[in-house]
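In the two assemblies presented below, chain A is common to both, partnered first by chain B and then by chain C.
== the complex of A and B ==
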């Protein structure tokens, strides 16, 4: 199963073409909750935690490993049932499938023969070893801020990975996206120049470096233009991808991290859950393979940095329909209260509390609808190995009921967010290919 | 023919409660471990999520979580004079299958046996004379309550058991079970809250001079994180525990309590849909070399291992021992041999109680949601003139109100038709059940061996069960049922419908899945299959977990004792066996 998290590159086409044939092979979202108890592949997390023996280059390799973890490189460069870092994950995009390359030390099919200069050029400019343009599915738009020393350390670490002889399948892309030189046009238009950072505390600067560099948080959390470049002035205010909404990370008290303490943020990134929320969807994977394995200092830096982001503007309140609230409350008692409890307080760190929950109150109901219809799974982490799961309700709630209960949880207990319509639920159900999941009901 | 797999330090056969406990213990000690589970992988979200878990037809009546007898069954008879026939539909006991085993669909009843239960033979002879055990093949355990106490405690912490201690370090505690052995710690979580039924029983039992207390429950009274970092939720009293998985992470089970941790271990591999055919041994038969298994495609594999742990269900462990030719097989006709000896069960009676003037609402329930008295269990009461030994706990166990299984009608109501419908509708909310959960003591004519006629899907002889209740157990059960009926009347019932123990043993009505014995532990190789560390006397690198180790069954549900024995075994392997592989007890 694949989970598209890197389709920024699709901006290429959006920026150079007016019309494209959209070949959508959307991920079956149910895959996210169909994981077997065997996952996460223990080998993967174990590899990332394996002690690195002392030696002349050990410090560099250890640093490289920490940076590789911070970049969540395994997230894209490991396919289901494949060996770690061997690539071959099919990243599904509106324009076809792109397969991630092999990052192991194999000289023929991996990066064993790459020089440090070649690697640094790829990280900063998206240029491959043979001078070809890489698709911005590889987020060099973010990695360009990574220092040369860190690039070298990452390469040093990757070269220590057990070499795997494996060539990923050829990309399956529609014309003209299939022509790599076209990427140069997109780069010219959208590749950001290196940001000038105010000189603040070393911790803050470290956080900014991680968030905007290897962490490439904005790929998901910053809204995109039609060309799929970052929207100016909406940095980390929440972006849609793959039928999820990566939420607002600014200081907004309702939709963002305004009510979260730095400690809350660190706990979330370390364990995939805290007293306010559980990591689900693509973020669950990011925590399991990346942030849960990062150092305390780096997580604290990220938290310190995020806590300084100015709040996004308050959304205009729209009063929900009283009938929808009444129906939604009844559905809530039947379908939700067994875990989230009648008063919505949930069982923190297990089943998230709903009053004040930022994820529920995003401007868009995308994630809420996705979770209700397809279910969701909290990422397992070394500190909290339970991957608690919310089941799919697609088969037992109609679109109207999904909409009503969504409206209810977005507006009960002091929450406030735009009501959700049956059309929104229907559209999400179609997108997730769950239209056949509903059970017929006796009238 | 069989494909040879990479050798590992330990192979575990079966991945339910004890398989997971052994895997966790051995992996934490640094051993490479492979677990082979014949059934499919399943977890909370894929197997029994809250949205579809409460489905009586699918899980209870269509056996979603149970062994498919078309693939695997056993033959059964009541005595050696009969010809055993294959059980073609599950009934009296409901064997689990798949990852988590029967730990998925249990009620979560977490009992410790009484200190005297571990000395069944000596204790009764000392108090009542040799005649008290005549006709029974009861034995003492090679372990004491004190030996197991720390391991019971470990299991309580793993499960987050909800309850109230009655004996802390020897000091009796108000509100708990005054008869229990001393606990080193209070329960990790407070008891579940009584609904009306258990409250009525507790009140009536106290008024009649008994000592009611809340049932120790693996259904959690509040959210809990266990020592492995695993989180569990608060029970919602949905009433679907026994025969069902738990979608709320609130019933202790391998999936909810331990497997997520084991799966994070890099030195652990789980292979589901892998059924072990036999244990392989060196030519002299003294060491196990590994196990042969088939996967669901029929391909055969050999998994070499330094340690083999049989952690399948009790009946399957006995079957594998017999098929592998390990230990002298028991012959119930002659009483000779050991593997398959002292097969026992649990002696059950049920007293249904009905009220015209009280709404019980039994659909608010949980697997261990009960008030209990232990006054008639084990040797908590004087047996001098009673003509039997052993006993039962009596529990107002309101596990739920599953409509097909739990629609009760008072005596005198026809079994069908308008009068039945009226009574069923009226009493669905006005009735519940008192469970009389009794000991089962071994007698010579009972046992497990290989069937001479019937073969399983792999061409192996089926396991044959020869079983009937001993006269001792029949007397015991009727005596305890009478006591339950007395308390029922003290509750102010409008009617009582006793469902006493039926003899001979019948496989059709569900009774309990507590099948025990057959690989019993003991003090010497002359009287047992395993030593006190669950180690085979015959094959020193073979360990056998589960209720097969019990020499006979006490009046409690076996799971906590099964788990405690597994922890005791794992501790001995880690602290002694790994340093000096070989027999841990010198015969």
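== the complex of A and C ==
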């Protein structure tokens, strides 16, 4: 190998890593931007549920809308107070801001003039209409497995959207991230090829197609390497995103879906609640705008597929400190038991039961700390339109108290998970920019 | 956390009150007990909720605020201890930090008269009409304590109230209660009633507000404190509730090593 070629490889690797770091940061920031408090814009859900009139192309358009819903496209392509699919949602990163494009049928500013070939190329290869590389904040890494027929149907539906003349602001990115060709390096290194499916039922294959394609579940639920490629052998075992932990979806009975029936999974995706858990945080939005509006058959397929994922390995548990458990129990009785009840059984579908709760027992306490400190809201759905909420306890509990009660609920009632330290609670409080407990402590 | 920036928690100005008219004033939502503030809210769709926010107690209750001078505090302490002296069933008012509670309240929203209408006309009100003064409660306390000090000095050879024998202190307080002392711009009867009320509040309110030290008053009467609800006890009639008293800032069991 000549010297110049060695330099070329070094430059390629460095560039690839830089882009990967940027992408990780984008993904981390996406949920924060999407997580706007308040009601879902009723117009948005209404638009996604509006009957499509019979016509020559109606079946394709209906299928295209179902696929658009499955992909949760509105999640990123609608800005706060903006019109549906008109784009302009700013994704903030330390390197600048990237704005989602307009997907409405406007020819000048939307995708009204796109051809089916151009759209399919964007979905599969992340190439824009003018041949430019799209930033991988657009999950073409997942969408590349979507069939050409489905791509065409999605485009057909998008072109029926009321055209909105709106150009999102130009991306504000620093050099060299501002250079789109840099993305090619990342693509060359990490773009996965479509998975080969074993011989399974049509339902299973449909579920796999949705989970790994339009659903892009692995964006959050599969842990990533520093270069954003999926960690080898850790498919859907849970990943961190924006101070949340997207939990383990494998058959692990403690941390995954091992104790959930397929019916439990369908109910969760349809209503944002079931007898075991409520959907909060970024997943609440996914349910509200996407899974709650999907067909029964597609939800059943997703459940059937997820139920076949082999369990992740059992975590090694460290016994919690007896003092922390005692203090945690006292805090639990006074601050939590009113809703979750003294024995933790809660009010299923209202206040999630805590014994056996998978979300509590993840290896990382990220979601638990987030929920205790910032509170949480279950996503509103047509089936259960009233969003239940948990208040923030940041004002009331000190870092040590948050840690002790977290350790307690992770290890009471037969639960088992690593103890939580005051430093973890402090880091989460800082990350969420919450103030300290405001109250004077009794002497 | 932005609860302190929430404009709905601020006071409604007197001019605004006039502008709103009686109907508007009655319609204004009292977000917190005893506080008129904020405009009414129309809630539709889903329940309001915002990440990281909670209806936490007001910052004004934080420790470190003080209004009373040393002499004023000596009066408040001595007088409160005649209203609630120490006995075998419980601590005295000052042992329960009631003077701290009153001092903090006078330094905060209550002292500033945030929840009172203080503009004219200043006709003498009926007892049923509550607080009637052009003074804020803090200024009212200041004027009253000064007038009582003058009265006590005249009657007891220049002594301060705190230095009187308990029987003499009781006589002064009884005279105030009966309205037999002229306190100038302050009505003695009204001041006594207000002071008695504030002493009781300091003795029994959540320790967060500075009084009820160690939740002693709650332990005395068997009150389990600031639990969110008692849903698991609703159907258990006649049973003692063994829950340890807990305040908004917790209890010792939360912090024991």
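Quick notes on this structure:
Assume the second predicted complex is superposed on the first by the 394 of 443 C-alpha atoms of A that agree within 3 Å, B and C clash if a C-alpha of one lies under 4 Å from a C-alpha of the other, contacts with A are read in each partner's own complex, and residues count from 1 in each chain.
In this section, a contact is a pair of C-beta atoms (placed from the backbone, for glycine too) under 8 Å apart; a residue touches a chain by one contact, two chains touch by 3 or more.
Fair warning: this is a prediction, and the values are worked out from it, not measured in the lab.
Partner contacting the larger number of chain A residues, of chain B and chain C: C. Of the two partner chains, chain C is the only one touched by A:435; chain B is not. In the superposition on chain A, contact is made by A:45 with chain B only, not with chain C. When the two complexes are overlaid on their common chain A, residue A:414 makes contact with neither chain B nor chain C.
Once the two complexes are laid over each other on the shared chain, residue contacts for A:131 go to neither chain B nor chain C.
In the superposition on chain A, A:380 contacts both chain B and chain C. In the superposition on chain A, contact is made by A:349 with chain B only, not with chain C.
Shared-chain residue A:334: touches chain C; no touch with chain B. Judged by the touch definition given at the top, the superposed model places A:181 against neither chain B nor chain C. In the superposition on chain A, contact of A:202 is made with neither chain B nor chain C. In the superposition on the C-alpha atoms of chain A, the part of chain A touched by chain B in one complex and by chain C in the other spans residues 35, 37-38, 42, 335, 338-339, 375, 377, 380, 385-387, 389, 391-393, 395-396.
Of all residues in chain B, those touching chain A in their complex are 41-46, 49-52, 99, 223, 225, 228-234, 236, 238, 247-249, 255, 259-261, 263-266, 268, 270.
Per the touch definition, chain A reaches chain B in the complex via residues 33-38, 40, 42-43, 45-46, 335, 338-339, 347-351, 375, 377, 380, 382-389, 391-393, 395-396.
If you check the complex, the residues on chain A that touch chain C are 35, 37-39, 42, 323, 326-327, 330-331, 333-335, 337-339, 341-342, 373-375, 377, 380, 385-387, 389, 391-396, 400-401, 404, 432-435, 438-443. Residues 1, 3, 45-57, 59, 62-63, 207-208, 213-214, 227-229, 231-232, 243-244, 246-257 of chain C are the ones touching chain A in the complex.
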